[in-house]
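Okay, so subunit A shows up in both of these, paired with subunit B first and subunit C after.
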Partner chain A sequence: MASWKSWAETATISAAALLATLALFGGFVALRGLRPLDVYAALFTGAFGSWFAIEETLTQSAPLMLTALCTALPARAGLLVIGGEGALVVGGLATVLAGVLLVDAPAPLAVIAMGAAGALAGGAWIGAAGALRHRRGVNETISTLLLNYIAIAVMNHLVTGPIRDYAQVLKPASWSIAEGFRIGDIPGTGIHWGLAVGVAAALLAYGLMRHTTFGFAVDILGGNVRAARMAGLPIGRMILTTCFMGGAAAGLAGTIEVAAVHGFASSSLAVGYGYTGILAAFLARQHPLAVAVVAILLGGISASGGLLQRRFGLPDAATLVLRGLLFVAVLAASTLYGRGRVFRRAA
Partner chain B sequence: MNESSLTRRQVLRASGGLTGAAALSALLPGLEARAAAKPMTVGFIYVGPKNDYGWNQAHAVAARKIAQLEGVKLIEQENVPETIEVEKVMEGMIRQDGAGVIFPTSFGYWPHILKLARKYPDVLFVHIGALWKEGDPKNTIGYRGYMEEPHYLCGVAAGHASKTGKIGFIGSKPVYFIFNNANGFILGARSVNPSLTCHVVLTGDWNNPVREAEVTQSLIDQGVDVIVANVDSAKVVIENAERRGIMSCGYHTDLSELAPKGFLTGAEWNWAAGAQFVKAWQTGGPYPNLLRGGFRLDMVALSPFGRAVPETVRATILKSRQAFTDDSLKLYRGPLKDNEGNVVLTAGQVIANDDNKFKLAVNFLVEGAIGKTGLKK
Partner chain C sequence: MVTDLGGWGVLIAVVGGAIRVSTPYLYVSLGETLTEKSGRVNLGLEGTLVMGAMSAYAVAYLTGSPWLGVLVAGCAGAGLGLLHAAVCNLPRVNDVAVGIALFLLGTGLAFSLGKPFIQPVAPRLPSVALGAWSAYPQIRAALEINALFVAGVVLAALMRWALAHTRWGLIVRTVGDNEDAARALGRSVDLVRTLSTAVGGFLAGLGGSFLSLYYPGTWNEALSSGQGLMAIALVIFARWNPVRCFWVSLLFGGATALGPALQSVGFTSNYYLYGAAPYVLTLVLLVWSSSPTRVLAGAPSELSISR
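Right after this comes the complex of A and B.
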């Protein structure tokens, strides 16, 4: 009984946040002399209006699902990790190194190794922040934020020197992985396999967090550290594990960016998927399945950004404004939980 | 509504169109359509914001001129990275907006253009790197202006304006066209004052405002009193120069508004020359796949003079510009030494202004430059 009521509460509050966002954004658009409904129509067309648009939306959403898990999983243990961007970058670097080292290996083996390398590197990266938090009390939000800058600096160093491919003249980039190691598109679509990886990771995370004692224990830790300690839960191990899993997800996003999109590491890896992932995790209220849905929504906003520019002359920042408004509206709306009496009566 | 008012409106509209067409054919001599121009959606893609006082703005200015062509509808998208993203944007323009000509205006878009050009043979892709070579798709074009020519004219202005005999050139990457521009600037300045020197500093990045500001300050501290910057956006450099009370020249597009006191003139692209490709694509006419040119082909331009340039100097500069236009002035002519004392050209040796083989291989700074190319030879 309580469960459908809480679903109804979530749905109502989310819808209210969405409507508030659209109203505010409509105001901005109207200030520029455009008709908000026209813009919303184009927003929909650009995101879901054609197969071409849907392909683009889903492609954009794949890395977001994974980087969102980087924030969502540790958040269940009560940690605020914002290091998805850095984990993605080191994951991408590790992928390139694995791919180049295993150049003579059979392709399926190499692809698995590249994925493992990406996940391990990303996991270790955020896991280190988890360890610092547990052993030294270093604030994980600050440390993961700073680790982003370190990751990007390390990448810039490597691709402009030690692993630079001088045959790529247009910009500094690393060696490329073999053409046979590229993971292509899902047959019959223009969407690469990264989407399947993202959905699988979200499902796995959901199963782990909702249907295992580990997930239950993590929720206790996230809810009340003292209670968890009193219950004798292995807090350190749980913090490290959730951080590692989150980092591994973002590292896999790096693998996908390298193996499905670029073929090499360069500054093109750090284009903000990690930061948008934080937004996705918060919009999904750290729920692993909701993360996948929200990632598609955000992917749609990114995918339609071009159409808004081309049809209405809106600046590129328009979709950023929309995303920002959405974020603020959802955060503000989250204070409404537990206040709607209709969801409480006769519970 | 009666009949006569309707007629008058029609007449007005028709005459407006005629004036527009007349103005256009005056702007673009020799480009009058032989066949009727097909309606054409033209897409411009920028790597940064289109009001950046630099590279992207120069293209956005051209886009607005091209949009005035008969039958042309302009669509634009900015902040598109040089990744697979630009392929999606180009495909979106083609499939969602029906674009027939696309101007992806960043250097690094080229490999992505080559991929899409094979997939969409009915779309013309015009790129700004002049990287086209035999074997590349016929529906791709590379074009680029000889910016060393307007830099020479900026140099003449700088040579007249400099009191310290020291001027400065801030560059981005150690590549041939940056060296050509520096050389043009120095040769122009030394045609006025043969003992003048020019500090040449490369920042190493297309876009690094902090370093650009530092270099500007340091050059001014060393006594430089005219400066030009070959970076993505010269805004920071010019504003710093203006604040410190020295003079500056612009780059990419008209930057005169940034420095009301110290602006001399500037080297501008005329990317609107790309209108000829749109025209050709509309009418099925012929077009070159590779086009490089300077003032003679109207592919570069000079910014309006600032008030620091006296009338007599303006006349000299305009005379030199005319000399480039009628090809009587050659940029590289002997005797010419580089700044390490090596002989580049002996007396009497002259390099044609459109000698691409020579210009693309330029890896030296001419005599009078203080600074290094940073290249290993």
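Right after this comes the complex of A and C.
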């Protein structure tokens, strides 16, 4: 996060990865007999081509900012957490339970309680993986990925039985939270307040990581475990805290999905925000502010999926291919850091 | 004929299910064992599994030959393995992250290329009826053994022997345990890892073909739900030993078969919770077999996840 030169290096390398991705994706759609340029144009139109598209893009980006923090915050301490999907799901479930329990509470209080419940549940979920890592040496990447599947199984169990609302006929869904507890749109837009929550969380994470002793200590831990141990830093507490905060962010994404979008918990919570969030974190090189920007870009890809489907008959998984290619390209491009002479700092 | 076996029915269904369901676990874990023995982690085998399932089904449907489908599935898996290896061969690239990327890419490719094949019915792999002696249809169903399962068992023993006693096994283990020693012997670390990852991908692709061509024997987007991932976790529990991979695969197969087996005798209420059993089991075994202080026995020391 130091000089403008390192910013320029990151921007150049990321742009190169993006261009390579678009070229590869162009090849993929060309194999299906489509003209790549048409598809690129539609991608842009669907993401940023109209006010409506921009609203959709920003709406999609809100949960992505939060799930990306679930990977980015522990990553600063040297952990690779990919449990955003599961934390979002348990956060959403906790939100519904809080909303239903507090049905008689005044609306602002209930909304805050729902957010706290979502954040706590998500934080505990990923915090548990952090604790297992520190106490038992369990690999956090595998455990958080397993926790994703467990969270989804628990949700499916709850919404098909114990908390099922049988009035919902389209697919099994939980009880709904009261209409007054729903988070509305930012005035004058079709974008819900979740975007503000996402941006605020990114700013908060940036401030914490960049401008506090804690953030500095976490960077030491992420850079060199042995140095952190020699310096007597409380490694366990730092791992737990970053995991908890990351999980809390993803849990809040669950709150937003419930309180601003669906009004209830169902399988619509597990639609891949967690996995796209991992990509966002890597694309942003685990930088909390860059996460917010990158999430908007990736939100655009999600938002244009529908247009690609309608106009070209591309399957909805085509955007998954685009994201997968982007992920591979970004990681391959990470080898380029430190190679460009232009970006090297004058000694 | 007696068809109601009560509790025994559940047990037989679980054993039969274990044999049937374990095959993909077995292939993926064998592939991952080989890759990890060479010092790299390929977390993308879940994507490889799905890609293998899709390509096997598509080829079997288009050509009418399920065995050709199996071969193509392996090749598709090897292709994804080569991609993983090629990106990881670049300096300063995190192999675990590349695995996650390929998990997403493989799934995305399989879903979008496989869309036209969700409806058609492809020919299935034949099976051998080892239970023909029994009067009970449950036992006969449980002992319908597929050739891929038998091949997997033989492969596990073969790989155990090859890793321990052959020149190739020694090279792979040296690369996985000490890069510098391997270089001093004049071995190309990148080449050995590339080949190990490609062969690992090939095996995971075969596992995928079993899913779509034998059991459950259909292609759709919900075909694999983390089996590839659990297989990677079970490699840790099996301590990088191919024969132990086989036993643990059976255990996982049984855990996966528990939900459907209980459902078939009327326990339908907590279906989704039983569905979580294999994941919980994986996590418990992982917690049990990990240690905060010592390196696990059998763990290749160049492995990023065992450090």
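Heads up, the rule we're going with is that the second predicted complex is superposed on the first by the 343 of 347 C-alpha atoms of A that agree within 3 Å, B and C clash if a C-alpha of one lies under 4 Å from a C-alpha of the other, contacts with A are read in each partner's own complex, and residues count from 1 in each chain.
Keep this in mind: a contact is a pair of C-beta atoms (placed from the backbone, for glycine too) under 8 Å apart; a residue touches a chain by one contact, two chains touch by 3 or more.
All of these numbers come straight from a predicted model, not from anything done at the bench.
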| item | value |
| --- | --- |
| Superposed model, subunit A: greater residue contact from subunit B or subunit C | C |
| Which superposed partner A:P315 touches (first subunit B, second subunit C, both, neither) | both |
| First, second, both or neither for A:F282, with subunit B first and subunit C second | second |
| Partner chain(s) touched by A:A178 [first = subunit B, second = subunit C, both, neither] | neither |
| Subunit B versus subunit C as contact partner of A:G46, first or second or both or neither | first |
| Touching partner for A:L331 - first (subunit B), second (subunit C), both, neither | second |
| Touched partner set for A:S143, first subunit B, second subunit C, both or neither | second |
| Partner chain in contact with A:H157 - subunit B first, subunit C second, else both or neither | second |
| Residues of subunit A that lie at the interface with subunit B and also at the interface with subunit C | 315 |
| List of subunit C residues in touch with subunit A within their complex | 43, 83, 87, 90-94, 96-98, 100-102, 104-109, 111-112, 115, 221, 225-226, 229-230, 232-233, 236, 269-273, 275-276, 279-280, 282-283, 286-287, 290-293, 305 |
| Residues of subunit A touching subunit C in the complex | 80, 82, 132, 134-139, 141-143, 145-147, 149-150, 153-154, 156-157, 160-161, 275, 278-279, 282, 314-315, 317-325, 327-328, 330-332, 334-335, 337 |
| Footprint of subunit B on subunit A - complex, ascending | 45-46, 50, 52-53, 56, 59, 170-171, 261-262, 268, 271, 306-307, 309-311, 313, 315-316 |
| Residue ranges of subunit B in contact with subunit A within the complex | 43, 49, 75-79, 81-85, 88-89, 91-93, 95-97, 107-108, 110-111 |
